[in-house]
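Read from first to last, the chains carry the letters A, B and C; within each, the first residue is number 1.
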């Protein structure tokens, strides 16, 4: 019963890991017909090189631009929509609607909004896609919007697990609604927020569709995230470099996940049981 | 029949060399406190757990290595284990669908069997419902119907009454005994409730810590227990245990006790209040103070402090009892007392 | 009485405030969608000439039909649907089988194998992309359904989710099934899967959602435009010039409609699937 799974994961998860190492150590010629040994020096060269560094830096900035704001907005939406009102389901549906939008669709949405040539807001300077200093913000905006539905839905689901009695008890203790939120609700949903944080970080670190559709990595390479750079390096002449960058990216996402998980498992409040 | 049945989980000896013979058409109750291994015995008989050593024989065959299905036994679980996504009818039908047995029978035959089983338990109206839409008592009956639809030679029941409320439990006891008579079947019934054991069993096996303490008819075990554990486990309120050494010489109208006796067991119904001036006759007497009384309507339990322990006496409802704090004398016939040695074994 | 009145007034005010806030937030979220529709139905140059107003100019609803025919959208959506269906069915099969094995069977190396499978959650597809594309090329699977689907047929997430769900099934049910003479296959088909249908449904829906929206992998293993999935068609359209911008936008809207319908119909199940892992119980 396990065999199909093990074969699939073996071929497409574990084998590629070793394969990447191999690809990093051997460089094919221009036609991909012969490989020559380039050795571990290739790793050092690529991982300390300018391209990898800027790729990591751009991806990291992208994470910083998208995750905190995205989380905060999701939280605001969820807190706003977590109440007993007539027709609240309609609002909840609206808030979760961007789940239906793929990365490419949301890129097209923002293409029509902020593309320098045709966008309704193409000339707004602080997110102009034509300016290397601001282009990444425009891309980030489309990612934030796309993930809003997911973030909202998860935070709302977490809010709904907070028992009513707890809030009633807090109200009887004289907690106002703000303090109820910060002292009772937030600590209780912090595991969900932590989980969400990791998911959003890892996915933001690997954004590709938005970048390719909105800027194609430009202007002047200012939105070339790490994945974008790796994707561009698949020709025989550069694939060795792409493989090493992939390993570098693996190390980064791995550490990111681990650090985040250990940090949050200590800080967050696992309620109840 | 069970012979030298032993079950270990790691270092934990759950069932220790248990040997038992259960007769045809018995209502056999395995009685013991929770964690005593009785459920494990049942599961080994069902084939859900494999014994570490020992043999299980059903009829003439050793079934140790037979699949549960091939043992021709049915089990009623404490939680009933009804399939939540199936209707009552489908739940009852499930045992007819498994491999082996009589599954070659057609759909119509199965439907008839299901209907019969449902009929016996009065579930006719409920066949189309899902378990979630049933009351506790109805679920319990579905579980019984599922067990009997295959007409197995042996029914195993694991505390099937414990999830019912008190009133329903009392009624269901009678229903179960009726069912047992009607089916002419053998039932092995596991419970920690001595009332269930006393009221339903033809024979009881008292177990504790994986060890069999006594097997016998309910009244035999009650009247003539083999050890202190069996004596205390049966009866409510439980038997009063008195240290011989604690008894005042003056109350010791007991006559000679069997050698080795260190403790006496006296059941509450054998104790009665004796007034100071009345002739003691051949009664042994205990002097103490009244701690309290629990009136149950049909009788009263008088709790008296005698020396360092509480002694409970059972009295008719309308007998006058002294107020709490006042002195009281309790008497019993020495012949009603059960003698035990230091290890709790009965001395006769 | 005055106090009561004030209290009622306070509540009414608060309710009104809530609605206002919720409506405002809805507008913010939906504004991009609205502008997208405006953009789609307004001829590009006319729209720009009029200073890009908030409402459609010279609305031309035929743009959706144009986008459908001009961009090969029908073929692309059929392909995406096939890809999503294969991946979903495949993942359900592998997840149910593996989840069952980890929940109900005993076999050597069980724990180690579980960790080995779970560990692939730390390995994003983006990392293995370069190597996997090469494998697919060597298998001759570029521009093919196997190339688009096979690497996604098993995921640690699905296996983990179903294993957890299966472990929640009361052990007595397995015992009862044993006594009823159900072997593993029957128990799986007649008891485990029906009982776990909500989770399996959620898993199916979010897998479908993910497969439909996936971009990087199809982009990497297709070279021939006739193997473009829906998402890749959008890329083709956006790289063209201003005069066809409305087509790109219209195509994006069309491509999102099936998912939007799915979301509206199965909102609860999808939400349950997405928040699995984040929220206990």
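Simple rule for what comes next: a contact is a pair of C-beta atoms (placed from the backbone, for glycine too) under 8 Å apart; a residue touches a chain by one contact, two chains touch by 3 or more.
No experiment lies behind these values; they were computed from the predicted model shown.
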By mean Cα position, the chain sitting nearest the middle: C
Among all chain pairs, the one with the most C-beta contacts: A-C
Chain B and chain C: spacing of chain centres that average the CA atoms, whole Å: 56
Rounded Å distance, chain A centre to chain C centre (Cα mean): 16
For chain A paired with chain B, centre-to-centre distance based on mean C-alpha positions, whole Å: 61
Where chain B touches two or more other chains, by residue: none
Of all residues in chain B, those that touch chain C in their complex: 43, 46-48, 67-69, 73-75, 77-79, 81, 83-86, 94-95, 97-101, 103, 146
Chain C residues within the chain B interface of the complex: 170, 172-173, 175-183, 186, 190-191, 194-195, 197
Residues of chain C that touch chain A when the two form their complex: 15, 18-19, 21-23, 25-26, 29-30, 32-33, 35-36, 39-40, 44, 48, 52, 93-94, 97-98, 100-101, 105, 113, 116-117, 120, 122-124, 126-135, 150-151, 153-154, 156, 159, 209, 212-216, 219-220, 231-232, 234-235, 237-239, 242, 245, 248-249, 251-252, 255-256, 259-260, 262-264, 267, 270-272, 274-275, 277-281
Of chain A, residues touching chain C in the complex: 1-2, 4-6, 8-9, 11-17, 19-20, 23, 76-77, 80-81, 83, 85, 88, 91, 93-105, 107-113, 115, 117-118, 120, 145, 148, 150, 153-154, 157-158, 161, 191-192, 195-196, 199, 202, 206, 208-209, 212-213, 216, 227, 230-231, 233-234, 239, 242-243, 246-247, 249-250, 253-254, 257
